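Each structure below appears as structure tokens.
Next come two complexes, and both contain chain A; in the first it sits with chain B, in the second with chain C.
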Partner chain A sequence: MADYHQMWKDLGMDVDNHDVLCNVLPGAIGDVFLSQENRPEKMDYFDFVLAEVHGVRPAELVDFREKGGKVFGTFCAYVPDEVIFAAGGIATGLCAGSQFWVPGGEKYLPANTCPLIKAMLGARFDRTCPFYRLADVYIGETTCDGKKKAYEILGTDVPMHVMDLPQMKRDKDVKKWAEEIRELKALVEKETGNEVTPENLAENIKKINAKRSALKRLYDLRKEKNIPISGTDTLLISQIAYYDDPERFTQMVNTLCDELDQRVKDGVSVFPAGTKRILVTGTPMAIPNWKMHNLIETSGAAVVCEETCTGTRYFENNVDESGKTVDEMIDKIAERYMGINCACFTPNTGRFDDVVRLAKEYDVDGVIDVTLKFCQTYDIEGATLEKRLQEENIPVLRIETDYTDADAQQLKTRIEAFCEVIGE
Partner chain B sequence: MYAQISPTPRELSVCCGISLLIHQEDIDTIRKLAEEQELEYIGIEGLDNEFNNRRHRYG
Partner chain C sequence: MADYHQMWKDLGMDVDNHDVLCNVLPGAIGDVFLSQENRPEKMDYFDFVLAEVHGVRPAELVDFREKGGKVFGTFCAYVPDEVIFAAGGIATGLCAGSQFWVPGGEKYLPANTCPLIKAMLGARFDRTCPFYRLADVYIGETTCDGKKKAYEILGTDVPMHVMDLPQMKRDKDVKKWAEEIRELKALVEKETGNEVTPENLAENIKKINAKRSALKRLYDLRKEKNIPISGTDTLLISQIAYYDDPERFTQMVNTLCDELDQRVKDGVSVFPAGTKRILVTGTPMAIPNWKMHNLIETSGAAVVCEETCTGTRYFENNVDESGKTVDEMIDKIAERYMGINCACFTPNTGRFDDVVRLAKEYDVDGVIDVTLKFCQTYDIEGATLEKRLQEENIPVLRIETDYTDADAQQLKTRIEAFCEVIGE
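So, the complex of A and B:
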């Protein structure tokens, strides 16, 4: 067993405080994941990554940096990993999904800020997450007002580059996003000392497309009547997607899918026949936020799809690979990323269309719209989404929650009641 | 034979790390297998921990 204490100390972490997190996570992992029955064997890789979440990948990044490599921390599905990897850098997710980091963030932010943003700042300033120590540059984006202002505070402690994501989807907005990607390219070239060329960009467009295709394959398997993998396990895979080496991750997801293909042929399901099928939509669920999936899947229902940034928004639609020059490729990258339907856009009817389409594709009995507290854009949009789903005769339950455990039993009661009345 | 990768419980280690969850009745077989394969491990320990998917404590 590796001892990572020295690595954490060398990274300037508050090891004593970090030990508090290490103390509670094994229990939560046992309850949420290891208690499940009949899990696919090939979840073993993702269980391994989770067991060593602050160990094995950070150790790889330490090694990479010692050889002169640059690590870029990202917070959002809009930041194009293709460009960072093309320049020989590594992109790693920095979103934070634990209540453990929230009080640290509240030292810097108003209490009525969403828990994801508070956790981001807590993880950085309390020095209790190795990924936040390992990123040489943070790449932010203007996906909400809370994040924009939080990036100003983060920027006092770490090099910070913010990409200005347009808030509408007109042609000129797509062109504007392409310009932002060109600026990102210039930044990563300067930081890494490596030029982004047509060859290395094309190679990395293919690499990240392969990753998205593997996730699509995994999700397609959840459309089956016999559901071969739980939503909780799939959520973990989506969360790990932000952190892991993309090629290894793609290989491991495809290996898992091979096993799931066989399960489908054999009619194996991880849920009893007749279990209600749920689509979860709403705000991102950063690791280790497994609260809603655990609540839903212990309430007699199965999560079969997530229309979230830790779900379909992350992998739907590949980058068109027909670009020949770097400029053409960046235009294609911009088109793909501007196709993501986030509540920061106005109008955002594309998201409503996505939820309705996915509800039909995954044959769901109901939709649960989950909004993190104080996330204004998703909260406001929720009422319109609810109306659209009602017009389509798709039952919907709206939930607002945070990272604490305090409302778990209340939510469970509401979810159980919802699951009882849907699909009858 | 049941075997499940798991984070190492804090009662057994002060650091991150992986363990293999096994059934008590398989200990002798697995110990022998590990010796045959020359696997390095710290020890085989028992804990009176129970997984409870309805505890709803997420850290």
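So, the complex of A and C:
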């Protein structure tokens, strides 16, 4: 691994504290990823990105910024990268999935806040994540009370632009979201000094559509009876999707899919025949949160689909490419993003329909609904989802957890018991 | 007290369980209200309303509905009663402030939900509150994640209309709120069969403005050096404001204020000279939640102002009466309600300004910021409010609590310690 200490120092990071995180990463990668059997060879790219997660891509962003480029940090699948890339900016994810950052966040937020939000603030204020140092502007959204109010605190330390996501999905709400996207466009134009044109926007709609299509291709391969890739590996890819250069990422996912196509032809599976197939739904799993997938897949089951923001919500449905003017394109972008079914909406029955549909498409034996502690929207909605799945005779296990390992053994016992009774 | 058991039975209530609540009420009223010294005589009306809180007003609503009237249940200071009354409907508050209803709500909601929201669902599903039985339609709003998602569950049992409150306060958001009020107008017109006209809307804008003005008059009297009424009594009045007939309520508050005017002239106070003056800010205190006021005022301090939804947020700023058409009037109504500074907005610096302004206007010695457990918006914002108050040299005590008495003694100790050091 290359030495990025000087870069981290130049970024104003707390390098000593950050080393603590760096030192545990190789072990975690070994335990969670490298210990898996018969992994696709083309995972090597994603393994490399992960091994140097705070190095390679940040170095590219440093380089980009040195040339005058602007980086926009995002926290949510609703923020349309298309507009940012069209103006010559780079969008990068800022969600935070490690317990390492949680105590830092608790200095600013009540303990009763979800770990993802606490980790966000910890990563920023503890200066232990290069991405948080590299984003010139943070783009927030009003998806939940915790994030909405936490952005106010982030805004004391970094330029913060918040998009007001409507809480319903009526026609006028889609129009309202289009207005918010127009405001985002104005912001990125101002920050980058570049105009968003019909040409560059059309090009970037295509680019991000291609990225989503590659992920769709990858996920479709998991529908096979012989599952050619683990859920743990796929989750990593979904997580990297938020950070990586979109064109390179698309290419790498498609290259991996070529290998997986061959596996399907050869009847190769990474799981023994008869392994129980699980759909995971619920709250996002930000990098490096692989806790649930690791627990499930070391309990003798396979995760074949994630109905999460680090899963189908991120890539399902492309932007309609028929728009001619920037305004038309933004309307189409708004329509696509408002099609995401997050628990922040009321009602959010579309998500229940999605989970039922995906459960059938991926031929799952059961659904595990994972909610991060203190995430009220998913937690409350979970009871209704459970009822709906019971009506459809789809077994469901509800889990509330955080980023610590304190509950790991107990969860493993529950998952094993669940997997034993389903799909019989 | 009259016997309302037949009415409660007719309303489909669980009368036996409800009796448990009725049986503790007289003791609570005695302990919290009647034990106070030198209360204004004209509190007798509010004492009467309280003593028969599930009888007198519900009986009026029963009568109103028998004549074909429609009752609209509301949960929030943002829902404009003006529109409901204009169409000949009656608006009634449905917030719930007793631990009695919490276990019932926990059957439907995660334990990590604020007690107010849990009590809402308990009151409905346990059938132990007549107001929840008498509302033909519930009007919700997207003010917080907990309520927003809980309304989905209420909606399985009762007609539910949710208004999408914008999360920011730009000009376009005020316009968006006006649109939501137009949808509310269409709903109440459909339900009542009555049209909202410039005449009846103007009349009801005046009526509700008069109610707010009466409350303003009452609160202004608390600015006096000799405080003519306790915070506990005033809180009760603010709570009853959500339930009572607006014209009668206005008249009764004004009658009380006449008595308080005389007290001011006579230099009469309900507190000994030198009693520390406290401003309470934070989450709403739904009836019968008098916990904090009772603790503060039995700790030797006086609550002189509430910057809460059961306080200044409810009555400050009247609707501009210059609108001529229904559309103009609705725009003015939207402007007035969007002036309320709830923690659901981002940013919500207006609230900090309000607290500082009110602290000066009411000449307080300190601020107690009270947040209901698991209320993320107020809890997260509380840290920023605290900083702002420290900058202004206004002492502040932050308290997180629920509806139980478990923490009462500990809170009393903290409040006494706080009151000892402030205003020296």
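Criterion: the second predicted complex is superposed on the first by the 423 of 424 C-alpha atoms of A that agree within 3 Å, B and C clash if a C-alpha of one lies under 4 Å from a C-alpha of the other, contacts with A are read in each partner's own complex, and residues count from 1 in each chain.
Throughout what follows, contacts are C-beta pairs under 8 Å (C-beta built on N, C-alpha and C of every residue); 3 or more make two chains touch, one makes a residue touch a chain.
As the structure is a prediction and not an experimental result, all values here were calculated from the model.
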Chain B versus chain C as contact partner of A:28, first or second or both or neither: first
Partner chain(s) touched by A:148 [first = chain B, second = chain C, both, neither]: second
Which of chain B and chain C A:229 touches, first, second, both or neither: neither
Touched partner set for A:292, first chain B, second chain C, both or neither: neither
Which superposed partner A:379 touches (first chain B, second chain C, both, neither): second
Chain B versus chain C as contact partner of A:86, first or second or both or neither: neither
Residues on chain A lying within both footprints (that of chain B and that of chain C): none
Interface residues, chain B side, partner chain A - complex: 4-10, 13-19, 21, 42, 49, 51-59
Chain A to chain B touching residues, read off their complex: 1-5, 19, 21-32, 34-36, 44, 47-48, 50-55, 98-100, 288-291, 294-295, 298, 403, 405, 408-409, 412
In the complex with chain A, residue positions of chain C that touch it: 108-110, 112-113, 142, 144-146, 148-153, 155, 162, 164, 166-168, 172-173, 176, 179, 343-344, 346-348, 373-374, 376-377, 379-381, 383-384, 400
